[in-house]
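Shared between the two complexes below is chain A, which has chain B as its partner in the first and chain C in the second.
Right, the complex of A and B next:
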């Protein structure tokens, strides 16, 4: 897969300070130049002298916003579905529930697949975190957290640990042991500390670092071993509900979405917010990168899912229907990015053709809100978790 | 956001917003037509490998039960 995340992969001498650093590609007076992130920040600070009043700053803020819209509109020469007109339409989809995982006593809030494509970790409102074998539907491990509403859970890349958190404002890592009788809670390690609930967590490419998002409006990167905060990300003005790491081997950026209706793209090393998108009309519940890393999709309480392209820096598609009035809680792409699976609060899962913008299937089965949808790592199936306390594997 | 009476903090907030907007205004963008074409090409190139899109035979999919039961 080509590595095409927005943030520059170029490394070399900065046009301003001449030091060898990772470079950002920007325009200065319509000329393309390469500055290191430090010089870009210094340049942006010019003119922000102490004498400025709120009034002048606000005027500049309005002018800049208008200019941003104008620049984005200039490049809006065609719609995605127009480019996709000539492609063959997708045929009928037959997707059924192949497995139902029962065992949670209360609403399932989150789930994640293990990289072995077989194991799943899920968390629920009553504080239980369960590790399942999806082929046999057996429960392999179960942990009871000391808090309720465990809204976030994640499987470590090695498959040897799971991370979870929720109303306890923390993210805890539990190493999974092969001994079924061992008390997992005894080995628990508290990694992240936020000042409000934990909404989402994800391991980076290794078991050593965890990225978290919280109701306190921030995201943070932590070292698992020491529990130390490595980087924090400030920029949202309300609860951050979801985050997703870019699918590149180098893993430099991630996207987050929140109750301020904004989706922000961040540079993990500098903590800087590099791009921001605000077209949704309500809270963004879920964000997910497109498999190539050049775009991402969002699901929101305004009953739409949208696709934003990072290189064009704008929204390029909306997936909505007048008949869909309930919010989308969770989205995920199929392996090729052609299908978008979205779970809604009206108990259904809608499958969208990403390129054409049309809906190709509705999946019924859950008896309450669908809270989480994730495609398996090899793309052969996807799993949905619901407030009806079950998880379903569809293929 | 808490409402501080000290005007210096609200100036700092707006300064931060202006600084962020200046950064965002300068980034390089491409045409939607080019971005859309790249998305389309990615889908088409990887489509045949996508099990949920093209479907795999039941024998290859661990979740689908095989059609024939090899009892006899």
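Right, the complex of A and C next:
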């Protein structure tokens, strides 16, 4: 039963201060108490104990954050670009659109390469998921999802299936068959269930497990065959927009970024958040591990991309220019990690020298926001998808 | 999940996380940055987007030719 307070006025000695005053008959936890109005007010202030607790939590949080920054700053003895001064500068960059993949009826939201370096899966706002052959620009498969805004798609490591999801709050896996006439939608398997939209998905090293991130603020690891939840990751305080698995040699971790401006590194087996970085000034749209696994880059609505070093536990580089005012929606590294390709909402793709922190090229071509950028598995080209409903392959 | 949590719970979660993180071991940037640079230099030689690929070898360069797979 909840506490109820009733007010009735009588006159007499107050239970608390013993003065003769007009009393208020109050019931506290079903016990009648007679307090004068002054004591009632004092008691009401105690209700602020909850507010005070939030306040004390906040101050403790701020103190810890300051201490963390202090510890990190102690090791910040040099800047990445200073260490990189001795490295030879990169030559002129000539990258052009080599293929344009047309076929989506609406904004392309996500794409992924197959490990055979040739096939691409892409998904769009109109619910279509298409598998392309990037060499010939032919469409190999097409599936229509029952929802719009398919924000996530991923190719299975074996190349035999694709996973996708979006506003349906689920991640579904479609096995790809060689028979083009076969109806792919019939074989669909629903794997993940979230309570809000699916923002990103990725297979782990095998076709058997999928990692997903969602607008409900969590990430989760699922078994594809049974649809069972293997591990869930809580720690973000807002929508999680992107995730990326560490390159296989470095172990079982992944990084996620979200609307709470935080990028978190997680241990997949324990579900623990091992490191957290909060230096961006707005939503983090995309996170990508550095090829060596010791660092990761992020692209954010604050128009900057940043590099975070995991062993130094801090941000070590910011890629920004005053002329760039639109958010970065997607980032990816070249094979060696020397170049960072970032797609922006101003329709361009900027190519950054990761070590020196300078921009080496701007690529124009898309006629609307660039929503996704991925380098091919062998590093010979990269593909960009855009709200202008096309995908472009650059080399 | 995050949307269902009260502000107080979110703060508590953040606080516990921070307490854990303060204990993490860290290395100086001079050491890690140097290692990143060395790694990149070692790999750059093999990076097709940096060293370039001859026209005849790159499957994306010319369209319309015969591709033998």
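Keep this in mind: the second predicted complex is superposed on the first by the 330 of 395 C-alpha atoms of A that agree within 3 Å, B and C clash if a C-alpha of one lies under 4 Å from a C-alpha of the other, contacts with A are read in each partner's own complex, and residues count from 1 in each chain.
Criterion: a residue touches a chain if its C-beta (ideal position, glycine included) is under 8 Å from a C-beta of that chain, and two chains touch if they have at least 3 such contacts.
Keep in mind it's a predicted model, so treat the numbers as computed, not measured.
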item: Chain B versus chain C as contact partner of A:26, first or second or both or neither; value: first
item: Partner chain(s) touched by A:218 [first = chain B, second = chain C, both, neither]; value: second
item: Which of chain B and chain C A:136 touches, first, second, both or neither; value: second
item: First (chain B), second (chain C), both or neither touched by A:393; value: both
item: Partner chain in contact with A:40 - chain B first, chain C second, else both or neither; value: first
item: Partner chain(s) touched by A:72 [first = chain B, second = chain C, both, neither]; value: both
item: Touching partner for A:236 - first (chain B), second (chain C), both, neither; value: second
item: Partner chain in contact with A:195 - chain B first, chain C second, else both or neither; value: second
item: Doubly contacted residues of chain A, that is, touched by chain B and again by chain C; value: 53-54, 57-58, 60-61, 64-65, 67-68, 71-72, 75-80, 83-84, 87, 90, 95, 98-99, 118, 134-135, 235, 237, 272-276, 290-292, 294-295, 309, 311-314, 316, 334-339, 354-355, 375, 378-382, 393, 395
item: Interface residues, chain A side, partner chain B - complex; value: 4, 24-28, 32, 40-41, 44-45, 48, 52-54, 57-58, 60-61, 64-65, 67-68, 71-72, 75-80, 83-84, 87, 90, 95, 98-99, 118, 134-135, 235, 237, 272-276, 290-292, 294-295, 309, 311-314, 316, 334-339, 354-355, 375, 378-382, 393, 395
item: In the complex, chain C residues that touch chain A; value: 1-3, 5, 7-8, 10-15, 17-22, 24, 26-37, 39-41, 43-44, 46-50, 53, 58-61, 63, 67
item: Touching residues on chain B, where the partner in the complex is chain A; value: 1, 7, 10-11, 14-15, 17-40, 42-47, 49-53, 56, 61-65
item: Touch list for chain A against partner chain C, complex; value: 50, 53-54, 57-58, 60-61, 64-65, 67-68, 71-72, 75-80, 83-84, 87, 90, 95, 98-99, 118, 134-136, 195-196, 216-218, 234-239, 260, 272-276, 290-292, 294-295, 309, 311-314, 316, 334-339, 354-355, 375, 378-382, 393, 395
